[in-house]
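Heads up: the structure comes next, in structure tokens.
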């Protein structure tokens, strides 16, 4: 029993992914993403998303995000994102590095999301200063968000419409895209390109893989070269890319990715339900994916920790903690968590 | 039977490495290189090299090289290397990218190696122009070289002495370090830090791993932070680093790395012997590691290819081809290669 | 009669500066800042500031700021500044360019200034995330501010103390440093290094020069090389630097810089007095230097413009306009401005 | 009497340029290159070159070159130039800085020039390695060259044809363009855009200005924005650009630039004639512009220096020195130089 709710990044890989690695490990294969598995990616993801997809396999979400943004933003361009976005707070300037000094600009919002109108107002306010200031050139949405909430296709569509009118490229950081799709019950297409998204960082590492992410360009095959050049210069063109591609193919095969994510979401929902019934605990944000932000008193958190439960005390907030559920969180683990919560008023 | 002598990058992973991955895949582990395996790296490599080693695990040799050079060279600094170096010809400017526009300078040499005196002459010639030109700040040696040759510890020591006198940092690109150590029959220490090397890109991917390299700093623990910052900004801090570290630990456990490399070297030596006895074929470079450069007539290469043997026709040279042997090249495969060679005059 | 209150950047050069250029234009002089005038800068500014000063002459305030920040901040470092700072809003990412992707972070404040406590709170909040986020490494203060206000030496001292405790380098953007010193009636030392400032972008272009700024390092001679390297790579090492240095020397000779600035400040004060007596106009910020922000009704601004008065309508605010007074604004011009204001209720 | 033949960078400004500065110094003018003088540049240079020219005024040749190259070369692109090029040897990586790590590649040649065939051979040799190596994207020619020689329009045309076939952009570093045009006796158009040149760094600082260069784009108005963005981020958008533009306008007014350059060339020719008649001295390169490279014995150079003559001992060569003549070198100064040379066998 792990009782580790610190992060889905700490979960192991799924058995099917390990099997795929073993299956890929037979004989020689062309290097540098020219192998038989990597060459299947475009077709597999095009089928999954029901449109033309150019796939750039990489090892981390950070580089997927950074290549995506750098491929659509000049050094003097700015990217608008949520104030809680991973690209803004947790990547130590990787987008700025790959983008040669581009700037990220935070849009205020609630529950980890920003809306179309606030985006429009802020961008318009920052325009019109010519060469003297950054030129707004792109937006990034996080799906599911860092608050564990999920944008609806309609919300994304509204934001995309604003972005298109402002001539901004549209990127989605889908580190937890699987969890969002599970929640929405929609097709992956509906919450991505059909809602206006042009580039998607399709996450897999947090949800059952060892280290595999796919940067997807929808209906923009001409973007591939720029992305591949950035990947190479970033040192991300693995000689044995087959092992990344094998993970990605197994991950979407037979909707494994959704099976894994739904397990995680279900646990989060169970814990959210327990919180709602608790006399003093409350939810900081709606629980729509696999993360739960618990607003509670400090003694409560101490009690949970004393019982061996691992979670993340939110920096600078002694009344807030984050619990993340993964594909390998068991019903039993969640049951113990709920029970331990309930034992403390 | 593969008969694939194109590149060791095309070889699969060794069974022991796959086993280590499976063993690492149990339960949760702290993310971002704070796991129980990653935290063993310093001790394991310090033992292997018999000195204090700071280990930065990464996924590619390109990023290991780039971080190493960027961590010792300002943007206005230059790095001296062989004209055949991978960092110069095959990394598409990754060192320049991580080093914010640093410059690589080729030193002429023979058989893929440069010597102390030519280095000294060239650097002295490029000095003394103040802010108007790049400041020489580092050197990089490739061990084994891109020509399949190996620097002796004495050769490295002489070059290091020159470099120290010129106040240049000393890096070794050890993508095929294992093959060099096997050839030399020395300790890893003797051909690295004891010969003056300060930073080593310790390769593992080509020799049995899936995607794992270790950037090593010898007796410079203060360099770690800079390297870790660059790794993060480059998008190379894997959330599930345990899987890289597991490969590295298994790779050096019980000298597996040397066992694997010696299998490769032995095949290369067998092919070299066959060439030496051949009436028209000859060796372009001495064969000291796992690469053989065959100088022959074009018809001969066509004949080999027609027999299903895969190798690399050297760009721009119809009289030259490269054959690389890996940990998984079997005696039988090499025997067929030699026989096929011998069948054509 | 110009009636141009748009910006001090639009003013011509002072006669003494033109004379100095002519005087410098005799015979040959060593190039690249090794001339007889450039070599006097350190001594002249050391005398002016009564301490050891290393002077880096350049042509623009933007590059002075950018070199200063890049010389004390790694690519993964962040610089804290006012939300209205020129480096943040008006330099199109020059600091990010010279700093290889460093990040600027806005501190909230009032009247163009931020205070020590808010700085401390924000930096502490952003610390502690290790390699995952930017490391706070520097602050920048604008003196006088973009709101036309002036930090007192005590205010600077308090901020510097916080910065030192947080291990942050301390930069001052002194594009209008002369106007601030005039207002304070202190020595230049008192509002710079004696209050903790380590680097000062000492502006001259807006206040009587053609194109000359001096980046000053106080008591840090070891910083010179880094700064000079950045200047060269930025293309800012003029071959005929004598003409920049001649401007700077003439500018501080006999306190010309203060004479010029006091003329500008006096005009601003006169306009501020007129506003205070006006029935509907009011000051948006205290007037402490040479800029006046007039909060008024739109009809009033239309009236002023109709009378041939040039000023800057503040972007996005129809109730706000900026009037800047320069060394060449005459009493008569200001009188007409005040009269025209008074003629409209 | 100066007897300073060290560099034309050490010459003062011409009287007409100083007059133009004074004339520009009347009243206020819009800032940031939106003034009445800067806005005349396109028309003036379009007339001079007899085609559509977009002018980017800047203060140094280094930044003109760097912006030109960065505006046509991605970070993974390479620029081919002479091994003696200023961009390669004397700009400390400014092109690499503006170009985010682009690479310069030297083409061998004689007398400071390379030819079409060698360019073609080298580029073809470096192509075809996909994302693994830099992509050739531009060439740069120096006119006149660093050896004091001049490309003929035919030579430029041949090189341009090769470049166009290789899809390479064509830049000319014209730091001494005036001297080349004087030598050729052609129109400026004939040795630039009519011969295939797309971007020209039109030098003025060395030939009579204080600090003024014009980056010219021929028939590519769409390049302006990129260049202006780079100029701003480089800190090169002077607030009082009128003073740079005033220099440039006066420089080309009434062919002043050619009058000044012909004075310099004439002096160089006189010294070259003296060398040709000398028993032991000889010319290292043909003298076609304003630079003379004298190959002589060390005692001879010592003798010249002892007589108060200043010149540049070539680094690493005790048998070579450079003498540069400028617009302000008098006939008398040159006569003394020739006489002093003749007095020593």
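First chain written, first letter: the chains are A, B, C and D, and each begins at residue 1.
Convention: a residue touches a chain if its C-beta (ideal position, glycine included) is under 8 Å from a C-beta of that chain, and two chains touch if they have at least 3 such contacts.
Everything numeric here is computed off the predicted structure, so don't read it as measured data.
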Pair joined by more contacting C-beta pairs (A-C or C-D)
C-D
Pick the pair from A-C, A-D or B-C whose contact list overlaps the B-D contact list by over half.
A-C
Return the chain whose centre of C-alpha atoms lies at maximal distance from the corresponding centre of chain C.
B
Express in whole angstrom the distance between the two chain centres, defined as the mean CA positions of chain B and chain C.
51
Could you tell me the distance, in whole angstrom, between the mean C-alpha positions of chain C and chain D?
34
Taking the mean of the C-alpha atoms as each chain's centre, how many Å separate chain A from chain C?
42
For chain A, residue numbers touching 2 or more other chains are 32, 75-76, 91-93, 97, 100-101, 131-132, 229, 232-233, 237
Which residues of chain A touch chain B in the complex?
2, 4, 6-7, 9-13, 18, 21-22, 25-32, 58-64, 66, 91-94, 97-98, 205-206, 210-211, 229, 232-240, 243-244, 328
Tell me, which parts of chain B touch chain D in their complex?
75-76, 89-93, 96-97, 99-103, 125, 128-129, 131-134, 315-316
List of chain D residues in touch with chain A within their complex:
32, 74-76, 100-101, 131-132, 135, 226, 228-229, 231-233, 237
